[in-house]
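One structure below.
Think of it as A, B, C and D in the order they're written, each chain with its own count starting at 1.
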Amino acid sequence: MQPAPRTLSVERLPIRDERDVVVVRSRVRELAETLGFDPFAAAAVTTAASELARNAWCHGHGGHAVLEQISDGTRKGIRAAFCDQGPGIADMRHALEGGSTGQSLGLGLSGSRRLVDDLAIETARPRGTAVTIVKWARY
Amino acid sequence: MRSGNPIPILRIKDTLLVTVEVDLHDRLAEAFQADMLATIERQGAAGLVIDISGLDIVDSYVARVLAETARMTSLMGAETVIVGMRPEVAATLVRMGYTMSGVRTALDVDAGLGLLSRGHGSSSA
Amino acid sequence: MRSGNPIPILRIKDTLLVTVEVDLHDRLAEAFQADMLATIERQGAAGLVIDISGLDIVDSYVARVLAETARMTSLMGAETVIVGMRPEVAATLVRMGYTMSGVRTALDVDAGLGLLSRGHGSSSA
Amino acid sequence: MQPAPRTLSVERLPIRDERDVVVVRSRVRELAETLGFDPFAAAAVTTAASELARNAWCHGHGGHAVLEQISDGTRKGIRAAFCDQGPGIADMRHALEGGSTGQSLGLGLSGSRRLVDDLAIETARPRGTAVTIVKWARY
């Protein structure tokens, strides 16, 4: 067991419409730059944030994101939670394996998981989903 | 239809050149797509080069819009080349499991224009 | 076989030109397909240009008939180019998940004739 | 929950043969034009109507369409139901994921769903299917 990482900063952003999705991803990119992420790690965490914020908006009928700068003593990183009050994820396994209930590719969740160091989902049908990701600055 | 798309569409000979620099949110992406297709029809363009070197991320939604646009123009008889994808964007898309299958790509605008002038009218993938 | 197909088939040199303007219902589409194939054989045409700029929708049935016609003429040794697909029709087909794979396309009749005269006989995929 | 949309007009058209399919799609196109749909939205709803009317004719042995102009207060739209007394859809999930029991592409149902804002299927084996779509005018 690693000790729980320490939170250096925390902020909360609304996700009510598609413009908010853009705001969330810009802010995640800024945090990645502040923490000295290399361009690949920055693109990875920003893209995952974009996917998850969009899911909270379009599958979860909106919600909010909680963005944190964290440290485990040796490294710094970003923890981001995307929370909504929507219907929850009915078939978690299907969703994580790249399945989709919509018209799109179903790469949001499965792809995001491949881009970050940790991805955890809490879903409570019939109400709400929270997806939390962690990405550490490399080296 | 033109309204809602702030992304300029330039014409170079019989090819259209579009440079995407703003962060595409969902409705904007759709307006942009509709506008490109209408412009191809109106101007009788034989090819479309979409320069995405200004995009620092391309998520699965934007990737889908780009790939769909390429397929749509192909059905209309105009070929699309996506140029200038940054290394970190390419790495991210591949890591997510996304394959822009059937989409032609080139390093930059010049290479894209060259590709189009060498082989117009290829079949849809 | 000619009866039942009200869509005129014109000949330009060794290419046939067909302009689809009526709303194709299912039986009509079949009669049209049969007529085109028979005309290609009878007239020894090397190519077929199908102009669909007059169609304001193409559903999966009509799309299938068009793609099948192209594959059939290709087996007979004549190449088909589908020209003039409208932006909203292309967008709708792609959004439905339809790809018309292997079908050659061009912007308009001129471009389609040009494509055929430059390279006859390329097989559809 | 959103309030149920209000019906502004309603009409019923038979679907007994392939010519009726053409009539239904022309009428849907007219409604789309009346309501000021842009060309993309008009083509989308007309194409979906064509697919579903054909299904009612060829899989459902004929039936009828109910076409409505609707409003939710801020937007106007089209609701169209395609009803038949045929055998019903045996494997709904397969059908919606693009499967076909015929020789065709199986894009009718799955494709239609991608073209409209809402698509709902009621099927009662051994008798009858009703597929209802809703498409709103954009902007």
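Convention: contacts are C-beta pairs under 8 Å (C-beta built on N, C-alpha and C of every residue); 3 or more make two chains touch, one makes a residue touch a chain.
As the structure is a prediction and not an experimental result, all values here were calculated from the model.
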Superposition rotation for chain A onto chain D, Cα-based, multiple of 5°: 75
Chain whose average C-alpha position is farthest from chain A's own: C
Between chain D and chain C, distance of the C-alpha-averaged centres to the nearest whole Å: 27
Centre distance in Å when chain A and chain D are each reduced to the mean of their C-alpha atoms: 37
Approximate Å spacing (C-alpha centroids) for the pair chain A, chain C: 48
Junction residues of chain A - those touching two or more other chains: 103
Of all residues in chain C, the ones touching two or more other chains: 86-89, 91, 95
Sites on chain B touched by chain C in the complex: 33-34, 37-38, 40-41, 44-46, 68, 71-78, 102, 121, 123-125
Complex interface listing, chain B residues touching chain A: 23, 25-27, 56-61, 64, 86-89, 91-92, 95-98
Of all residues in chain C, those that touch chain B in their complex: 82-91, 93-95, 99-108, 111-112, 115, 124-125
Contacting residues of chain D [partner chain C, same complex]: 18-19, 21-22, 25-26, 29, 39-40, 42-44, 46-47, 50-51, 54, 98, 104-105, 107-108, 110-112, 114-115
